[in-house]
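Per-chain residue numbering starts at 1, and chain names A, B, C and D are given in the order in which the chains are listed.
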Amino acid sequence: MSKGTVVLAYSGGLDTSCILVWLKEQGYDVITYLANIGQDEDFDAAKKKAESLGAKKVFIEDLRAEFVEEFIWPSVQANAIYEDRYLLGTSVARPCIARRQVQIAKQQGAQYVSHGATGKGNDQVRFELTCYALYPEVKIIAPWRIPEFYNRFLGRKDLMEYAEKHGIPVPVTPKAPWSMDANLMHISYESGILENPKSHAPADLYLMTKNPQDAPNSPDVLEIHFKKGVPVKVIHLQEGKSKDTPLDIFSFLNDIGARHGVGRIDIVENRFIGMKSRGIYETPGGTILYNAHLDIETFTMDREVRKIKQGLGVKFSEMVYNGFWYSPECEFVRHCIDKSQENVEGKVQLSVLKGQVYILGRESPKSLYDQELVSMDVQGDYDPYDASGFIKISAVRLREHHRLQGEALSKY
Amino acid sequence: MSKGTVVLAYSGGLDTSCILVWLKEQGYDVITYLANIGQDEDFDAAKKKAESLGAKKVFIEDLRAEFVEEFIWPSVQANAIYEDRYLLGTSVARPCIARRQVQIAKQQGAQYVSHGATGKGNDQVRFELTCYALYPEVKIIAPWRIPEFYNRFLGRKDLMEYAEKHGIPVPVTPKAPWSMDANLMHISYESGILENPKSHAPADLYLMTKNPQDAPNSPDVLEIHFKKGVPVKVIHLQEGKSKDTPLDIFSFLNDIGARHGVGRIDIVENRFIGMKSRGIYETPGGTILYNAHLDIETFTMDREVRKIKQGLGVKFSEMVYNGFWYSPECEFVRHCIDKSQENVEGKVQLSVLKGQVYILGRESPKSLYDQELVSMDVQGDYDPYDASGFIKISAVRLREHHRLQGEALSKY
Amino acid sequence: MSKGTVVLAYSGGLDTSCILVWLKEQGYDVITYLANIGQDEDFDAAKKKAESLGAKKVFIEDLRAEFVEEFIWPSVQANAIYEDRYLLGTSVARPCIARRQVQIAKQQGAQYVSHGATGKGNDQVRFELTCYALYPEVKIIAPWRIPEFYNRFLGRKDLMEYAEKHGIPVPVTPKAPWSMDANLMHISYESGILENPKSHAPADLYLMTKNPQDAPNSPDVLEIHFKKGVPVKVIHLQEGKSKDTPLDIFSFLNDIGARHGVGRIDIVENRFIGMKSRGIYETPGGTILYNAHLDIETFTMDREVRKIKQGLGVKFSEMVYNGFWYSPECEFVRHCIDKSQENVEGKVQLSVLKGQVYILGRESPKSLYDQELVSMDVQGDYDPYDASGFIKISAVRLREHHRLQGEALSKY
Amino acid sequence: MSKGTVVLAYSGGLDTSCILVWLKEQGYDVITYLANIGQDEDFDAAKKKAESLGAKKVFIEDLRAEFVEEFIWPSVQANAIYEDRYLLGTSVARPCIARRQVQIAKQQGAQYVSHGATGKGNDQVRFELTCYALYPEVKIIAPWRIPEFYNRFLGRKDLMEYAEKHGIPVPVTPKAPWSMDANLMHISYESGILENPKSHAPADLYLMTKNPQDAPNSPDVLEIHFKKGVPVKVIHLQEGKSKDTPLDIFSFLNDIGARHGVGRIDIVENRFIGMKSRGIYETPGGTILYNAHLDIETFTMDREVRKIKQGLGVKFSEMVYNGFWYSPECEFVRHCIDKSQENVEGKVQLSVLKGQVYILGRESPKSLYDQELVSMDVQGDYDPYDASGFIKISAVRLREHHRLQGEALSKY
């Protein structure tokens, strides 16, 4: 008798194929689920493989459009960046994938979900918090945290042996000496030889972007149009091409960014579970958008609103990194950030060249930039004399401090 | 009879030469003061010019070393960046210049200081807040905010006429159609044709960095050594050269960055006085250091300390931008940030190429990175099983929220 | 010929009566405007006085209901408190008063507004920022900042003489040796003998609340009902009375609080213009609401949302104190706070006694409190075992820190 | 053969007595440790009881002085308060107790520590994070999270039976229908009948403070002297008594506060493990100090430093509540807060009456309050005219906003 039904997040690779078979061994009915979020994958082959390994049902879901619209776009609005550098390409994909997984689980009457994420990483947290938030009664089977499983499969060799024994096709090409995770937004690389934080990444590691040294030495010049803080159109100014649906826009920016080697970083970051890890990321289109959005936002948003919103963006990034996309606080912050974007509208011109994004100019019907006011040639509605009072009053506190407690300042 | 003595921040240019003469006309004795903070200037010529225009004394002060050590280094420790993009090259120079100005004023018994900053900009604030903070009784003469002055000199033509009439040498080369401010850390460009935020910056604007398109297509690879959050050595790995005093280190990084066109940005920013302005900046060495410091800091600093310190850095940047370097809050924040840097020590390897800085690897005796702990191949002192409890407890709140208020979530 | 029309915020007192006449002397047509925001005032007498002094029109406006609904309620939602103690009773009234003033100015075609606030205080800023924000072209006449005015009227004696000379009725009762500002929310006292921060406030200073020593020694017990973070009903549980309109609710809470001497504070605070001042405040109803709202909010709001909202509340309080009620940032923050209050609903029972508010209990249909989950007697949907993993993982970072940098800790 | 030695945090009560015996049953040698942090306890009796139950060693440690100096004083400096209301009396005691526990464990060569905290509370976290931080290799036995233990002892009856069977003295007085935790700083009450958040606390619950209704109706008037942000002396002004060591000062303030019923709160709070709980606290001396310190701090600290320090205090409170006293971030924040207190010095006069603390006045040699500057009667070194410029420049941004995006404002 079956112990129940499990919806397994299945990648088609060796690990999750072994998990599929192992779950069956444990007495579960297994439904596999593979999300297409833009990674390079033979989905048909994966489907056949899952079926041949005994999956009761196989779901292949194209989530690319909703990934861009519901997950990447809010991150663009937020200028989401973790620890000042990482654009959260993996983090933002996890709730998108897990959301569909629990939808399938609920719809198929499955009490269990399972995944192949390791026990030391962030992804286990991101997957599972999403599952618990959207399907509180769900039970989660995380084999890499179950002693019977992880003590049995101590290394890749053990998995290979298990695969051979159970008729699981074994990969013929040798595995890269690191692990990677790919989606429409980025590819991340970690583990293996990258675990030594001092070692340089091999040149052939990057699969998504060209080496900037090999990139063309003439820029692509783009114009990106924003409305409510998200891109609604991108125009290649030299070629006249344009895109205007979210998925097309993002894919096109990826192409341009990739061609010029944009968005490569090598960082040590802080995982939610408390350890530092080294990660290498390439996020071509996301990097272009991050820069363009920063530009149009500052152009159209009041300074003080921007400060508050910047603080919310830092919090948002941390929540997303830690797996709390579906949490009351993240819903709240997304709402607030979305509100802040009402007037973030206009066009940014930029060039992309050799790993860099250069903002060239911007315009907007909602601009708060007042050329006459700021001009050095025209006075505008501004009396320079007022600045004296402004500075004098701003100095009241400083002068008092000097007078009353300022012995320390007397050294100057 | 003299109205008193004024120490005038004198650049040698047309504006402050006219101010010098005008102040004399108003009945003041004028001492000129010109700070060498690394700008490209003929200091001897400026000295002679000031003397010939009737300055009672002329001070030329080489502040380059203290500028690097006391102003740029704390900014590096802070990862100081204004509105996510501007590295504060002008902002950080102002308190350095004004501090010496009031030192001279006090020492020379001058009750007045004067400067040529405009009435719409940030620099007037930065200069004057420093003066008031360090010399609370000082009186400030800011001609560009005095109606008799600014109504008399409505444009450059008026200054030229005044100059000719008063024997002030008139510049023979035409002025660039924008204004600029240069120091060891950066050059900024604004005003004039740049006031249209849509117009692209002309290619010949940049004086400090090479156009990335014309930069070499092979990287310079550097190793920067940090101690207490500041660079103590830089080694050019291919050429074997190294530098180890603050001024030499910073100048060398400037050379490398300049050669590769590093650190160019074009932004619209929010001035302290409430208007948006467009600025173009090039900060070659500062950009390299910003990236290197971020890397070694995350490598050696606890995650939660980093978060708090990041918040302090945002505040620091705002204070510095707004002119509050010499304020109780900025002294306090500098102290706290300095404390946070005690263990920020180690070596960062990076390459510089075509406008970009790529971090390659890092090592540190004070690292908090634990290769065994994070390794996917070794378990280390870590039990994956614990993560289940961690996630379950982290989800308590999310599940409760869903259960009790989660109608909104039922849509998923 | 008239220089134009001024709408003067008129209180009926000596100062603004003199200003009225002085403005006429200067050549302006004067419209007086007196807002009823709950202060104890003879509005009819003030009207007649203004007319007799030559006001072209006299507006007496009852703003009490909108003051409660549009200004006090959002402050309750925000738990607004300045520098941890002051409930902002004056600050929150200023934009309410000034808003109507510019409405009248616009409607009457007046280009000027005027007020009697001093040049050292916060109120001038609060009034004028509101005016500029809502009527950017307005011109403001602030006599206490105009040298010809303030040099002429150096003390109360000068005003008295001027009044006598111009037929302005002179107050017969001697002025209290401090100044005060009263409205529905509070009375504030400052200046005069209170300027010595060491002196105790005289017992007869307080006009709104009873001395706690003289208050009844048996509590009034209330139940306050909240919806969306604002009170919708208050019931006196012992007497069975209830109120359910905003103005009635607030007035009733004021009565109860006043009877028990609730809400008296004596503080030194930091003014926006950079000086410290000493203020004494009594805010009876506001203090009860502050406590009750804190209680129901924590009961119904997620912990992490609360944290973010708490930060927004601190910012809100500062903005309101500084006069930025009508600013893009304050509008934004009010929107966000309002959003956070969607589920802040329920009933709080409390007792009021001798200057104190004691929360007794609370209930809510939107509570996030789960009695079964938290119970020590029942396990609920919670496995204590999970906490071990939670703590172990939370300790990963601490143990690493000790291991790698923890020499300092070895002292323990 | 022994499984090893356990240092058990022993209270002398039923629970930890059973744990003592149970640990022996499991094969451990048990050392008991009882900290005197000011609770009302018969320490001799507890010692004898532990010995009679087979403890190999018994440590009774008087930690009261270090509790005040090293834990309460930094909390006073921080104005530490959790979720705007709770003064952290339990939270702050835990690291103090656990620190000595691991000192004993290390010194006695014990590999294990154990405690009787439940699996749903905060205290388990606070104890264990301290243990892991200071003794990373330690192993922790938390019986209430071990299924064999908690499934065996489902209720108090099971413990009683076990006690009888193993010769453990059984308490003769019936247990209060709630649990409590007492120390020098406060008593907390929770669980049992208090789990219903709507139920009022019974009047006889409070053990530390008098019912305000029964308290004297005449105030005690105190003067508290601060240096570097901590009290160094307290004087009873009416009686002339004074105290000047930390423990004496705090105990005296407790006495005064207790006599007047000061510091009672009834709240729902958010536990670190994600659930809401209801707690009732009485913190007499701590409440007086909280108010006095707020007063002297604002009097002597610059406004902007205060803002930053306030933010750090909120973070500190959260860390302490969650158990992270011994963490890199809490060490860092304590350092920063301590730095901010350098000039927090002076005398505060206050009265205590019927549950309330009223600040009466303050003075300080380090005050930043400038009576002349703020005076309405004297101009001081302040030109009111400057305020016009200050306000005009502060309004630049608001007027621009209205002009460019202000359609929404036109409704006013």
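Quick note on the criterion: contacts are C-beta pairs under 8 Å (C-beta built on N, C-alpha and C of every residue); 3 or more make two chains touch, one makes a residue touch a chain.
Quick caveat: nothing in here was measured; it's all calculated off a predicted structure.
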Fit chain A to chain B (C-alpha, same chain sequence): the rotation, rounded to steps of 5 degrees, is 180
Self-contact between copies chain B and chain C, residue sets same or different by half: same
For chain C and chain D, let me know how many angstrom lie between their CA-based centres, rounded off. 31
Measuring centre to centre with CA averages, how many angstrom lie between chain B and chain C? 40
If you average the CA atoms of chain B and of chain D, how far apart do the two points sit, in angstrom? 43
Listed in rising order, chain B residues that touch 2 or more other chains are 273-275, 302-304, 307, 324, 327-328, 367-368, 370, 373, 382, 385, 387-388, 390, 392-397, 399-401, 403, 405
Would you tell me which residues of chain A are touching chain B in their complex? 79, 83-85, 99, 102-103, 118-120, 124-125, 128-129, 132-134, 136, 142, 144-147, 150, 155, 179, 191-192, 195-201, 212-213, 217-219, 264-271, 273-278, 294-295, 298-299, 303, 306-307, 310-311, 314, 318, 323-324, 326-328, 331, 349, 353-356, 358-363, 367-371, 373-377, 382, 384-385, 387-388, 390-392, 394-395, 397-399, 401-403, 405, 408-409, 412
State the interface residues of chain C toward chain A in the complex, per the touch definition above. 273-275, 302, 304-305, 307-309, 311-312, 315, 324, 327-329, 332-333, 335-336, 339-340, 393-397, 400
Chain B residues touching chain C in their complex are 302-304, 343, 366-368, 370, 373, 381-383, 385-390, 392-394, 396-397, 399-401, 403-405
